[in-house]
């Protein structure tokens, strides 16, 4: 990771407290029962997220750097380690839902205990000592933000697979009628582009290994693909026509009888979709979301266009600098329709993670850090695809032009969407 | 089912209220988080048990017999039907753990609502009308008692698979030191025996079809097999020697690396077992429990004896009339050591369900009732083995000499144990 | 096993040579390619059957009793042991199809080698020495006959799952038009019956433990259930109506989309069935075959009757002594229609194995032999149902009134059928 | 595909006949039994390969272009279509081993029939008509060559999983003692490279979309990694140390208890490996082979180097032009030790396919052909890794500098090996 930030301890502490508090705000509307289940292996119980992010600070900051620190509970490291082999054995991922105990209130006490000790550490420590662990502390905050996004997607899955379809955040009249924005393809000139993080703030190790790439001219869609456009694909028999699909994707479609994005439900002959505010009619102008890479790619093939590579996406975001995005701070928790009044390329940031046709592999010159931090990203660099730009569940301060998110191509429970490219 | 009971409505109502209340008492020590999980498909979430038993009264009593009754919630029939195809579609068994909603407090409100309406029905109805549904109401109470036993075993499993091994009911110094009771084999004379329920109270349909069987002389062990005796089998390499095992059992042993009963844990070179009161040292004089049929049969083969058939068990319980048993009312929630002072055959009732070497099949003349009641027992009469005598988790008023419990031969999470027989 | 036969060595030798030769005659129409595959785990490759039955004689007769015998190949014991833990490790059952080598011609040479040595042993041995191993030799012959039947059913499966549906034994105009025999129910009086083998010939150990049972009066169908009768069940929606089915059976029906017996194929709106002579139109008067226990039981429930227990079947066959049956010697290799001219109960022997509603459990007093022979039957006494009477693939000399065959209730690849019973 | 070749029909015909004949030569040492099995889903039965390659010519050449052509057998299209949805339904891949019929001799007759008709077509057709289908015919020949390589790897797997470890091609004293070639790292200068096929011969569609890439300086190992080097990794505990592994790879290692390359067997404390010539002692100077991508990557991490990308590999092969390689024509059928006398970079071609750290994705500008040809490559462009350079099982005329082979990262049954790179 790259950490050149040198903010003073007080500022850092305030940021720590704000971010930590935000996790609890997200979980506030939940019943204790909601916090313990794991309906699919991808989804972690909210209680687990809350404890795991605390364990991260305990294991990597408090234990090594706060003299005399005593762990909150001797078994929590075993219960709440996610995947760090360097940090000992742990509950297997698919067994996270067996952890009815510790109950929610104990986990909240654990958070409080960790927070108090981090506060003490930051308040009492001589300034120079902070430098020893500032990068890890920063990583802990970024990690917490990542889990905040996962919390939202996991809560959505927990609610959305309950036959009662309970709303996480009921909202009367979520928004006024949306307006259509015609699709246009905007030029991005070819040439040499620098890829990877070159700034002075935080970035993950997978963004390092800055390197030049050579691109040809291409064009990029001015906004995300909409529900209306995707519905055309569906109505044209898109899910039934092998010609549009990668072979493994088409096999999945048949095995799982897929015929629409995740959370879509047909009621009274009309398509609805489950949102965190309850069931809604599908809005044709909003971006289509909760798609697998396979669906995104099949749609692109059907449309005669293609997905971008992650290099093209990064180049385009250099050519069309980010506008205000729909991040988690908007409170919408769902993607919003594009704005017909806007010029240029919209929605590159926020709204939905955009599937690219790039495998999540190391950049040239990538190297893993020694110790547990080295297990953060590198060991997942196989069989996953890169997504770019953040979503309506991403904290605005968490995202960057060079940020590389990654999921297996069959995953649909994240806020994922489609942007098309085409040759000039 | 057979119901000739004619107790007046007030007595019946009191019994109804007592039994319903007992379910809630069992769940009282639970956290809301405990009530929603399903660590294996055999275990149902406690919240589900509480709602399902209420739905049983709603579907089979209130809807048909209480004029103008409105269901508590239109979706609950879908959520809490267990396996009654006659009563509509339902959440699949292995998905019960996805039901974080309705939360526990709604389920408790549902119970209250159903109870109030059953009370109203029984209080207001003309006496003669009661006869219409008295058998189904009685069945509902027996059903509630069955689920009370399942609640205890399921709670034990939920706690016992948590790495923290939380106690359901902490208990300092559970009992004084136990004393050994030497094993003796007691004669049961051969001849004709009547099998099946002939009384005038309640019984399940699977106990009907009374018939004569012809038995030869045999001998029955005076008590259940103890932990000490089972430990000898283990120490003699019992789990590793194919000669003692049914082939499917030995395959299971190897696949799952079994080497001890469920809930046994070796700590500091000594065997402990998880109980509802926490982890305890294994007491050599207590009955060994949480065994599969395969383990029970392998132990019997190793010992040179055999298991009883269900006919032999029923004959023996006629020859050695029941003594006071260790049922759920004792509050022990674990089997207790036999009493060396007692003559005759002990522990036939209570303590542990005894695996018999009898498949759970229809008695001659068995016939299913029409409608949903017909789905109660008959459709499970394949691939399961009969167990007899009730356990320390069974309500005393629920058990009978003719009672036939049944589980697949690999199941270990019930309170199951071993009694041996031998030829004279 | 029980062997009191005292036939002289020459007669025994002739029988040995005849039975061994019969195995090769069965395999004669096969291509080498047919002899190596295992389309489902239940089916063994024909080449394996041929080698395994030879290994049985090598391991249990030649090695212990023929001085100086050298095994044909040091690895064959590993390759062709089926399930005898006492006789060393072995290729796992589901990997039998990987054995392309030794090729068929080596297996035939193995058979020849074993046969020659058994001939030498029997010709040269002093008569008194024969008594040492006569029982095992007899068991080897019975074992060979069992595998002959399995060869026929396994070959049928191998051919019947090939999209080309090749005939094993093409047969122009297999038979003249069949005639219907009306169903009648014939009385069998209740009372005491002796169950189990009491003769002086060969029987398996699972037939011993002779014991009395007490039966009530019942009636038995005069012939097997026909294709026509089963078709009525199908046309009445039998496969779709849960009320007729055991729960595990109905689950299977839905999971595997079952709608007809195994080998039934609809062509041009008409039901056909694959036979060893190729595809044929379903003959309404012939017995319905290749059914699971679940299907047999569901049909019985639909018809308002029930299956027999194995005790009832044995009692009925005492009451209605066997007539000439359709065994493998008839060469039909398929069940034949009943004979309307015949009085009494037909088809008890031959044609089809009849599913009984009796689990395959030990008779009272059953005991396993020590050593490998003890693994022959006893370790399979769980989760299987007894079938009685033999089939059109059974050698006539192999079957007895007391013979207990057994399969798991979902199996359909054997020649299995239905006979109904009813209360008087 | 790109086909500008304009060789006259006679030359083409001769090539056709040579290539077709080569397939049969490969299968010559097989028993009929060897040709029908499918021990894992990746492996196809040799009989199937022989028929499938013939069906390819029948479906794509003879049916459309030979007037009046009658297919050899109406069901063969169903039996021997591999994955072309455009060409109708087919036997599922994992059921190929059920096809005992047609027997081998029918498949050989099928080959003869197809060959005769292709000969007739090429001999009788007016020259100008050839141009209509010359590209597809060329594709058919390349396809046949691909299946020739698969035949060799599949035969190796079939033999190598047989407990008898039969040799495909026994060979006394395969070679003289090998000599070590020290590892050196050779410079490849960075800069712009053209990637993709620009010649005038045949190439697959996945090599088109020629484009420039920008590379940095790097160094490449002068030969393949040897058994001796890999053994050091093993002896250093490489398979047990998570730090070297991608997470999915390490999970696989634990689940499958991997501890050595495929086909390695420890005998008398010494490592041997199964080859097509039988079991041999591991030669420390020969290239290590039959590794998954995970193993290749873990070895690279352990060694402090890394794998190449496919771009780097292609650039290196421009910098170090191919020397004579060990292809299938050498008859070795196993990789050979490098030559210490040679300068430069050896073994880029032949010996072993080299795993690259590049996902098999479309080049920029890739487009699928319409119709069945479009299903040849494109639909597999997900979750697979690119391998370069051909192997000792590849026909020399089949390989090119730009050739992209691809397998899932867990596959080990191909002739796969490791070449390392490092930053300058």
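Labels for the chains are A, B, C and D, by order of writing; each one numbers its residues from 1.
Basically, contacts are C-beta pairs under 8 Å (C-beta built on N, C-alpha and C of every residue); 3 or more make two chains touch, one makes a residue touch a chain.
Bear in mind the structure is a predicted one, so any value in this text is a computation, not a measurement.
Engineer: Which neighbours does chain A have in common with chain B?
Structural biologist: none
Engineer: From the mean C-alpha coordinate of chain C to that of chain D, what's the distance rounded to whole Å?
Structural biologist: Going by mean C-alpha positions, chain C sits 47 Å from chain D.
Engineer: Taking each chain's centre as the mean of its CA atoms, how far is chain A from chain D in angstrom?
Structural biologist: 38
Engineer: Centroid from C-alpha atoms only, then distance chain B to chain D, rounded to Å. What do you get?
Structural biologist: Chain B and chain D have C-alpha centres separated by 60 Å.
Engineer: What are the residue numbers in chain A that touch two or more other chains?
Structural biologist: none
Engineer: Dump the list of chain pairs that touch, please.
Structural biologist: A-B, A-D, B-C, C-D
Engineer: Quick check: in the complex, which residue numbers of chain C touch chain D?
Structural biologist: My answer: residues 31-37, 39, 47, 75, 78-79, 91, 97-104, 158-159, 161-164, 166.
Engineer: Which residues of chain C touch chain B once you look at their complex with the stated criterion?
Structural biologist: 83, 85-86, 192, 211-214, 216, 242-243, 245-250, 293-294, 309, 357-359, 361-362, 364-365, 374, 379-383, 409, 423
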